[in-house]
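Structures are listed in the sections that come next.
One chain, chain A, appears in both complexes that follow, with chain B as partner in the first and chain C in the second.
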Partner chain A sequence: MNEPRQVTAFQSAVIVINSTIGISILALPRIASDKVGAGALLVTAFGVSIFMFCIFILSHLCKRFPRESIITYSQKIIGKPLGKAIGFIIICFFAIVTSIVVREFGFVMNTTLMQETPITATMLSMLILVAVATRNNITTISYMHTYYFPFIIVPIMFMVIMATQDADMRHLKPFWGNDASFMDFLEGAASITGLPFIPIGLYIITVITPYMIEPKKVVKGALWGSIISSITILFATGITVAVFGSEEIDKSLWPMLVLTRMTELPASILERLDIIFLVVWIVSAFTTILSGYLICIELASKLFGLRSHRVLSYLTIPVIFGLSLYPESVPHLYEIIRLTGKWCLIITLGYPIVLLLISLLRGKRGSNDEKSNVSDN
Partner chain B sequence: MPFLRNLFSKKKKKTKSQPSDQPSKIMNDLKNVQTTKTGQDTVMKIKNVFVNDSDFCEREIEILGQTRAVVIYLASITDKDSISREVLMPLTGSSSIEVELKKDNEALKQHLLKKVLYHADVKTETKMTAIINALLRGRTLLIVDGLEDVFLINTFKSDKRSITQPETEQVIRGPRDGFIEDVQSNTALIRTRLPIPELRFKTMEIGTLTKTSVAICYIDGVVNEALVKDVEERLLKINIDRILDAGYLEQLIQDNPRSPFPQIRSTERPDVVVGNIVEGRVVILVDGSPFVLIVPATFAQFYQTSEDYNERFIMMSIIRFIRIVALLFSLIMPSLYVAILSYHPELIPTAFAVAITSGRAGVPFPAVLEVFLMEAAMEILREATVRMPKQVGGALSIVGVLVIGQAAVEAGFVSPITVVIIALTTIGSFATPAYNMAIGFRMMRFPLLVFTGIFGFYGLMLGLLFISNHLLSLKSFGVPYLSPIAPLNFGGMKDTIIRAPLNWLLDRPEELHSSNQRRINPDDDHGSNPLAPENANHEGGDKK
Partner chain C sequence: MMRNPMYQIIKWLLIINTLLLLSGCWDQKEIEERSTILGLAIDKAEDTENTAPITHPATEDLPTSKIGKVKVTAQLAIPGQIPLGPSQGDSGGSSRDKVHVVEAIGLTLDDAIQSLQQQLAYPIFFGQLQVIIISEEVAKQGINPINEYLRRRPEIRRTAWMAVNGESAAKAMEAAPELERIPAIYLSAVFEEGVKMGKLPENDLGRFWVSDSNKGQDGYLPLISVEGEENINISGLAYFSNDKMVGSTKPYQISFFNGLTGQNPGGATGFVKLSDEESVMFMSTRRKVNYDSSLKDGRPEFKVTVDVWGFIREKNKESIKLDDMKTIEKIESQTEKFIEQESHRLIKETQERKSDIFGFGEYVRGDLSTFWDDEVETTDKWKEVYKDMKIEIKANVHIDRVGMKAK
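Right after this comes the complex of A and B.
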């Protein structure tokens, strides 16, 4: 039975937002201000504009091949062996990226909510939850994203609004950063686009496009999604920098978490809000890991010619879990994130540009009416 | 649960439909037997079937003065009065002998049918199995000597209770009539509310032994044709010997039998049924059950009541919201309490935290165990009261109040706050109008409690994500269970969490894909038929 193509443009936008806003946001202000100090906001703006540009390229590529997976059409464009080889590299990359997010999530949970619980228990339970969720078809997964969307975006906006009273605009100045060179900016922006959520939020559109009602609208949906998530990220980063200043931010691992700890409800209905916000981070981590996991198994199922991504749902757990055990400590984890981030741009920006250019030159184009070989049941 | 469900979802068992609808040996033997002209022979055959059955009655009469005839009926399910007045009296009474009829059998049959038997429901039949079936359904057989055809006169009568207010779905304002066990009366309740020619009832028999008559009801031109087909197919696939209640049918045709949540709505109220038929849903009436099934069902329907539409919309929207809060309470309250108390007491204001801890000072158990014990006690108490005779109920509630409420606290067994939490949970689950949904949520809080006991807040979130992922993956007859929330449909939100004014609700629910999306066209003159073809092309106004 062919899966009904029911993903709408709105849902694709929501999927991009949910996949992008993940647990890595907690560390983002620190990574942004690492090189440029007070210029963190500008660096972030730089980073997210690169992200939007990537989305633009990749969604146009998807639009050209509306009924195929990136694995399938890359083989058409650059030849079978090369397409397969790069496809395999991409899958490995996303397995690593997903495991990084899982590990980061485990670290955040362990340092804040459950100091005594072994980190493996946290990570494994989250992975099982995600694996069970991927047993559903893509349409249902897009319903999940729509459903969780308000639970992610509303609290973050609430946090931003609540924190404005503590914000000090002087912390954001100088806008261009403290003695930062242009290279620092480029490097900072690159390290932001290298954060695991960016490639996940990007490549998820290659997974969902074949299941859209009107694949032509993927450009619109993905761009809107990237714009909204970029604005959210900018707001959240900006307010964190404005409240703490770049000096303070460098001292904490997850500055945004500290920000939620500062947030207070009037009349002290609840003593602390950070635990409530951790609930938000759990949901957003779930949606991000879900997307990363889905990219892995969907692309892998296409590469190995499997009937459906569901076959791999449970088989991938040990792979991701094993990979996520590799980082030894939090600094080591961020070192790995930095390393993967360096190579990330090749996959997120380079490969799609090359594919798009070659397909334009060779005049390759996927037919829209063709009954797709995408089936899922 | 969803884990297991998904694990096995590949191996969908399909019930094989067996062609043999005659499981009994007697019926198989009689399969191709026809009646003969010798009346005595036919009577003997039927008598052989009902040998040793004291219910079986046989009466010999002479019709038109001289032709011998036999009247056969089952005493328990027929109306003797009606047999005497509408069968025997006209047959024996008319003494005008027309000689030529004696020779011509066909003329005799026609004479009897057209002039003598004035009963409204008379058929003739020559197949033996059909005759036996008719007899078992309360028809009186008239076997006339020399005639091959047997007359089947409907004299069925069974005792049924009168139409009363449904016990399960009481309303303060709204119609007081409820369905009863008899499918004919239930049909009448729907038919009188919808006097339109497009209303359809399709009847079939399900259950090899009980032969329960099941009727599908919908409005032609409003319902989605594919839905009716789907319902029919699922019903025809059923292979079971008995259907004793609509609940049997519900379990046999639902999409996901392993889910803890009901995917088909059942109701005792005709107004609810009519409201849903008009929306474009299909209802299934089952003989012998006062519950009528409504498909497809969405989650939102289970916390809505018919009364929501009978009162002013602002008040009812607020009440609906309260019901949602109550439903959530019944699910997460105990787990939330445990998570805060055992894992994150810093969350609540200090003064309150101190109060809670001092209340728990003498309690020997950890909070999880304490809550678990109290929940178990509460469930036992609830289960005990459900089947309790009314006279004993009072005693039980005293025991409940004293033992669970006061004595347990005084004995230092539980803390007073725990009792408050448990009470809130239980009351919350009673505030849900649909019993089957309330029970689903109530039982789900136990695994949630275990999760929370192990992982604290994270466990609670994990459990909630599991449950909501499962809810999101559910479908009822192809309709996503959580629609119109996911997939989002703004038009449908007008009647989901709030209840918008009636004159805003111009569209049928979009997820049903009704063939006529618009309820009425506001530009039309009043009284015009909304089903007329010129109005049928209006698209829904809230398409995405």
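Right after this comes the complex of A and C.
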């Protein structure tokens, strides 16, 4: 590898946060309250704890193989043909997930901000932007993420704070929902972890670990990242439920977008500020799509034995774009999200656990070349 | 001159880049080329009135919503006429000249909007919609078909206001108060300032939708009436049961509603009778409310404590000694009695009409969730429980100021 390895633990945390907070959050309160009503916050808490657990498993796996990609070490752990086959499935999965995010982004833009712009123009320009960004090495991309980080986290927190004045605490009660069974909670949590941003936020750490200064710190960075993004998601979902109540949320396609549009500065300085806040969601969509796209091309370049992910940057555009044209309508898109979500946990949780267990049993671990050999602990 | 290929590439890239900048204008739209609707009034049209066959062939028996045929009256901004920023000197003409009122009839709300569009050259734009007025007749039929349409339009803001006009909604669109340059903006100012003065509960479209959606709560809207040609008067709250208007309060009852829901800032003034001869005007400044729910014999019960802070505005007799602590205490206890009595009456009235505008049901759903899950679950069942629920009201009045006068 001839790329610089300068990603710090802080940057890895930032990348996880940026990748996780994406356009799918706009629909999250509706998906969360679908089955359990007022228990939406608890279901989201369940969902993000599963996410944190996944991060924990996967980052430990990455730590065991600090200088390798998941494609290479999975072949060492479970054998070449199987590792390659599963690697290919993972790449396909992420191509689909990324295209879903692109299409969702297109729909949100199309219904709210740019009603007359053809959806293909919105999506294609986003994809080209992402492809140009991925022409850089991973270190530069992590700098990009660090740059966008405050533009995502600060406005969302501001929105949460501004919305507290409209919140009605009755909407959050009872905490465990009305007449919601444990199965409802499990199903709800599973559909949250099935939302596209969870696998993207998760697998991005397998891409960045080999380029970190100290890959051992990936556990710390990724966990912190997942904690902060989980807290942000919980706050944002909680405030949306508190303002609208689960009944009203069910009537809205993107409840958090409605909340964003309600945000006003105190004393009506700049009355139509909502447009500025909508830009936040464009930025967060960009960072999520960037990560998803990067996972696809980085893993694919490792699978096909290419020199660098950059080779695939432009070649992948038609693939993702073609896939993103598949959903016919908004309801169809959410149907696809539900379907991919069902298979999601196998890849996000099942596969890493299997890999970690087998690598522990067979005593396989990667070497930490170039660095002073830290003794095993 | 440099003639190397690098220079050529850069030159052409720059030229192409400037072309890209032009793409920002491809769907530009001048502000004059839009029909900006500021206010919308929705009335029920007579079944015999013919709708223009714009979205459908002119045949009989087309299914309408439960409202039946609707008549919309829209107030449009005339672009050149609306002064931007503070007007210098005479802006000329009355406020009526600044807007254009159009009406259309349709089978459903969107059908009517489409036939409205047929009369207007430029595309209708709802981004500046300030008020939606519905006639009482429509409100009594149920307003879900209207909410349906409004929720679906992305550019309609939840900060707009919806109100019920006693008679015809269209009349409110034609009223042209002189105080504001644009009638629809005056209308929305009536509501927004009402909230700031504590005379109206905070209840814009978004909040109305939330309380309308909640299982344990019903919506309410301000009720207005047009006085003469140009005055808008708030004449109470219209309250709903499910999506149908079932009754309305008197104007003075709004302040008790505000008290019961703990709306701030205060600002409502009450006429407090002290004896047969004496009375004072009491004005609230701050309100606080606490709901205490409990289950007794398997039925929910509420204890509502309303705390009101305020001051004395006026007394009708010199004999009332406002510098005496005893008098103040007496006024306080009289006001408390007044609030308790009137709040009780207000709740009683809504109970009779099965309209839980206070959201007692939401407290039950949240705090007594086992009772809710076992016995209620649906909004209709909750209305039956609410109908004869026991609610106890305790008011605490704190008078802290008496104005500039010493006695």
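The working rule: the second predicted complex is superposed on the first by the 368 of 377 C-alpha atoms of A that agree within 3 Å, B and C clash if a C-alpha of one lies under 4 Å from a C-alpha of the other, contacts with A are read in each partner's own complex, and residues count from 1 in each chain.
We take it that contacts are C-beta pairs under 8 Å (C-beta built on N, C-alpha and C of every residue); 3 or more make two chains touch, one makes a residue touch a chain.
This is a predicted model, so every value here is computed, not measured.
**Q** Could you say whether A:247 touches chain B, chain C, both of them, or neither, answering first, second, both or neither?
**A** The second partner, chain C, only.
**Q** I'd like to know which partner A:117 touches here: chain B for first, chain C for second, both or neither.
**A** A:117 contacts both chain B and chain C.
**Q** Would you sort A:231 into first (chain B), second (chain C), both or neither based on which partner it touches?
**A** A:231 contacts neither chain B nor chain C.
**Q** Touch test for A:170: chain B only (first), chain C only (second), both, or neither?
**A** second
**Q** Check whether A:357 is in contact with chain B, with chain C, with both or with neither, and answer first, second, both or neither.
**A** neither
**Q** Quick check for you: in the superposed arrangement, does A:275 touch first (chain B), second (chain C), both or neither?
**A** In the superposed model, A:275 contacts chain B only, not chain C.
**Q** Looking only at contacts as defined up top, I'd like to know whether chain B or chain C touches more of chain A.
**A** The partner that reaches more residues of chain A in the superposed model: B.
**Q** Between chain B (first) and chain C (second), which, if any, makes contact with A:6: first, second, both or neither?
**A** A:6 sits against chain B, while chain C stays out of touch.
**Q** I'd like to know which partner A:147 touches here: chain B for first, chain C for second, both or neither.
**A** In the superposition, A:147 contacts chain B only.
**Q** Give one of first, second, both or neither to describe whether A:129 is in contact with chain B, with chain C, with both, or with none.
**A** Only chain B; A:129 stays clear of chain C.
**Q** For chain A, which residues belong to both interfaces, chain B and chain C?
**A** Residues 117, which sit in both footprints.
**Q** Of all residues in chain C, which touch chain A in the complex?
**A** Touching chain A: residues 27, 151, 154, 157-159, 206-207, 209-210, 213-215, 359, 362-363, 365-367, 369, 372-373, 377 of chain C.
**Q** Please give the residue numbers of chain A that touch chain C in the complex, ascending.
**A** Within the complex, chain A contacts chain C at residues 38, 111-112, 115-117, 166, 168, 170-174, 176, 178-179, 243-245, 247-248, 250-252, 258, 261-262, 264.
**Q** Show which residues of chain A lie in contact with chain B when the two form their complex.
**A** Those residues of chain A that touch chain B are 6, 8, 10-11, 109, 113-114, 117, 121-122, 125-126, 128-129, 132-133, 135-136, 140, 142-144, 146-147, 268-272, 275-276, 278-279, 282-283, 286, 313.
**Q** Given the complex with chain A, which residues does chain B contribute to the contact?
**A** 2-3, 6-7, 9, 343-344, 346-350, 353, 455-458, 461-462, 465-466, 468-469, 472-473, 480, 482, 485-488, 544
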